[in-house]
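Across the two complexes that follow, chain A remains constant while its partner is chain B and subsequently chain C.
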Partner chain A sequence: MNWSAMGDAFPSVIAAFFKVTLVSTVVGTAVAAALGLVWAILGRSRTRWVTVPVKVVVEFIRSTPLMIQLFALWVLLGSLPTEVIGIAMLGIHFSTYMSEVYRAGIDAVPRGQWEAATALSLPRSHTWRAVILPQAVRNVLPGLGNYAIAMFKYTPFLSVIGVGEMVRTAQDYGSNHFEYPPVFTLCGLIFLAASYPTSLAMRKLEKRLGH
Partner chain B sequence: MDTFFHQLDLVLPRFWSGVWLTVEATLLGGALAFVLSFVLGLMLRSETLVLRGLARFVVEFFRGTSIFVQLFFLFYALPGLGFQLAPLFCGVLAFGLNYGAYGAEIVRGSINSIPAPQWEAGVALNMTAGQRMRRVILPQAWARMIPQFTNLLIQLLKDTPLLSLILMADVTYVMQQVRQASGNSIAAYGLVLLVYLVLAYLLTLIMNLLEMQAKAKLGEGRGVRGLFTARTAPGGAGSPGGEGVVGP
Partner chain C sequence: MATEPANPEADASATAPSAACIKFDQVVKRFGSNTVLDHLDFSVDRGERVTLIGPSGSGKTTILRLLMTLEKVNDGVIWVDDEPFSHMRTPGGQLRPANEKHLSAIRRKIGMVFQQFNLFPNMRVLQNITEAPIHVLGQDRAKAEARARELLEMVGLGDRADAHPSQLSGGQQQRVAIARALAMDPEILLLDEVTSALDPELVADVLNVLRDVARETDITMLIVTHEMQFARDVSHRVLMFDHGRIVESGPPDQIFGNPTEERTQRFLRAVLEER
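Moving on to the complex of A and B:
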């Protein structure tokens, strides 16, 4: 076994990490955070015609595998670049988890806040923007952060539709040089180096926000 | 659509064996994860620094590296180091280790969440440490663990399509073949999504039954109503979704 392959593979693997894996995580998180909020707000709508379909869609997406969803979206939107499809599906999939974080965070805003907004006869959109959401944000930040880290570790799934992310790049190097152990070890170490400090930071944030 | 059902009909026995493989991998991986959760979870609470440190290292290692990398390492890299494992064994091992690490935090967190007076009452009744754990703490902690274990189990089920990447004929793999043979991708992926949805629902139902039984033992039964509750927040404390010890 030639462990120096780890060093030889490093430049291309780390380049794929920054260019694809990290970008997918950041953009995917932004999509998931935005869409998750949409699900959560629609889920609190007053009409069942909105809440029931939203619930069904969210439940369906979070109960089925990301990998199959990636394949399905790829088939539906085949003309788009695979990176775009991958990031979109990653964002949609994790938005269903994040909507639950938002729901809990919004529920934790005291009822009196809603009542006060009603007493001041604030319009509903204004109540959301100026009263509820600013208070809910501190409740949801640690949860969203944790899902961002989880999403990071699910980016290798994008390789199934041909996105050249970090693990795919490492695998290609490994199969070209018959050196699988060093390159997969390298991937594991990069994941660990990136996700462990971040999850420690999240835990600290959780404590500071008083959870 | 006709060609799709024709092709599906041709591989129907393999379709069912694919579904079974998915279920088998989920249950075996889940069983290994369950055992590891308790071993590592109790080690995390140990007063011996070495045990605690070892468990902490294992938990952080398997939570910090992706399941994808772990499975590929076991399947592609281990043979290069002189160990060749059967594909199903690779899958079960990767799922067990990864989810066992997440489960350990659930076990630790649930036991820690039992109020101190419960421990003190055990001491007051002159119970041994083992009796206290088995008869007072664990039955209560167990009821709190189940909903979180349910989330982990569903998450594990949703990771089993990875098996198709190491060339195992699970339901995803079989449906990929039906898709290629029939040319009807939408129907193929639609059906396979449905299969996972049904499996996820069945597993949730079974876990809800377990939870009902655990709560009934504590005198907190909610009757059959509890059976049909949906899962709560996916990935609360310690699950792949929520990294932190405390859930959102």
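Moving on to the complex of A and C:
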């Protein structure tokens, strides 16, 4: 085994990390956070015609594997670039988990806040925007951050639809040079170097928000 | 189109007396199998200040919450300003349960101050007061802020406009909540045990502010309180509740000085002993 392969593979692996893995995580997190909020708000609608379908969709996505969902979306939207499909599916998949974080954060806003808004005749949409969500966001940031880190570690799945993310790039290098252990170790170290400080930062944030 | 009203008693032809600002007509409210209000009838005149007393669980707070549309009636009709409030008229003149649009139109006449203050912690004091005047009444910011500062001055907190609610004592928060309710110029003000969550030494400030409001405005007030001296000072009439019914009603001097019902006497003795 030639450990110097780690150094040789480094430029292409780190480039894939920044160009694909990191971009997918950041954009995917943004999609998941936005869509998760939509699920959470729709889930609190007053009519069952909204809440029941939302619940079904969310439960379905949460109960099926990401890899199969990636294949399914790839088959459905085959004409789009695989990066776009991959990021969309990551975002949709994790939005169903984030909606649960939002739900808990929204539930943690005391009922008296809704009642005070009613007593002031504030419209429901304004109550969401100006009263409830600003308070809920404090409650949800740590939870959303943890799912962002989880998503980061799920990005290697994108390789199944042919996205050239970091692990796929390392694997290509490995098969060309028949040097698997060094390049996969390199990937592991890069994941560790990125996610460990992030989760430490999350823990700090959690403490500061008083959880 | 001739759909039967949910409640045969809810007949629109039965008009409320015109002096009444609030009228409960055979109102029933149940929580599960627990009947909190049992065919309750009472009315409040315009400008009248009425205090509801009675043991906890007797339905006083539920009356305020029904008026604020935080709960729905199970039966009977609530009228506000001779208009059905819990219900609305169909083209055929009958009554059916009110929809959100109907509720929101009449709700604006009513303001409420809560036991737990319920200030918005994400807004400063001034914005707590101006939020609804700007976004509900459509006042421009400068006007709403000027009025908010006046009200803060009135409740003795003119220098705390930029504070966050968490920086205020409970008594101060409650005074801000009173200013916030008044900023909407309500016809009717509901006070739900507004001093019950306060440390004893903070109660007096809040009650004095409310005495001022009572003296200087003609807002109709419905007050739920255990502060009997305050009730005696500000109310025109006192209603004694027990098990969702009115046991006794009369001017404060009579209810507190010379109650005729044994239940009222027993309740007042218990409250006085608590002090």
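By our rule, the second predicted complex is superposed on the first by the 211 of 211 C-alpha atoms of A that agree within 3 Å, B and C clash if a C-alpha of one lies under 4 Å from a C-alpha of the other, contacts with A are read in each partner's own complex, and residues count from 1 in each chain.
Throughout what follows, contacts are C-beta pairs under 8 Å (C-beta built on N, C-alpha and C of every residue); 3 or more make two chains touch, one makes a residue touch a chain.
Predicted model only: the values in this text are computed from it and were never measured.
Partners chain B and chain C fit side by side in the overlay (superposition on chain A). By the touch criterion defined above, A:L122 lies against chain C but remains apart from chain B after alignment on the C-alpha atoms of chain A.
By the touch criterion defined above, A:G112 reaches chain C but does not reach chain B.
Seen from the CA centre of chain A, the centres of chain B and chain C span an angle of about 100°, rounded to a multiple of 10. After superposition on the shared chain, chain A has more residues touched by B, the comparison being chain B against chain C. In the superposition on chain A, A:L192 contacts chain B only, with no contact to chain C. Once the two complexes are overlaid on the shared chain, A:A130 sits against chain C while remaining clear of chain B. After superposing both complexes on chain A, the closest C-alpha pair between chain B and chain C lies 20 Å apart.
Of the residues of chain A, not a single one touches chain B in one of the two structures and chain C in the other. On the chain B side of its complex with chain A, the touching residues are 60-61, 63-70, 72-73, 76-81, 154, 157-162, 165, 172, 185-186, 189-190, 192-193, 196-197, 200-201, 230, 232-235, 240-248. Those residues of chain A whose C-beta lies close enough to touch chain B in the complex are 1, 59-60, 62-69, 71-72, 75-76, 96-97, 100-101, 104-105, 139-140, 142-143, 146-147, 149-150, 153-157, 160, 167, 171, 174, 178-181, 183-185, 187-188, 191-192, 195-196, 199, 202-203, 206, 211. Listing the residues of chain A that touch chain C in their complex gives 110, 112-113, 115-116, 118-123, 126, 130-131, 134-135. Partner chain A is touched in their complex by these residues of chain C: 68-70, 104, 107-108, 110-112, 114, 116, 118-123, 131-132, 135-136, 177, 180-181, 184.
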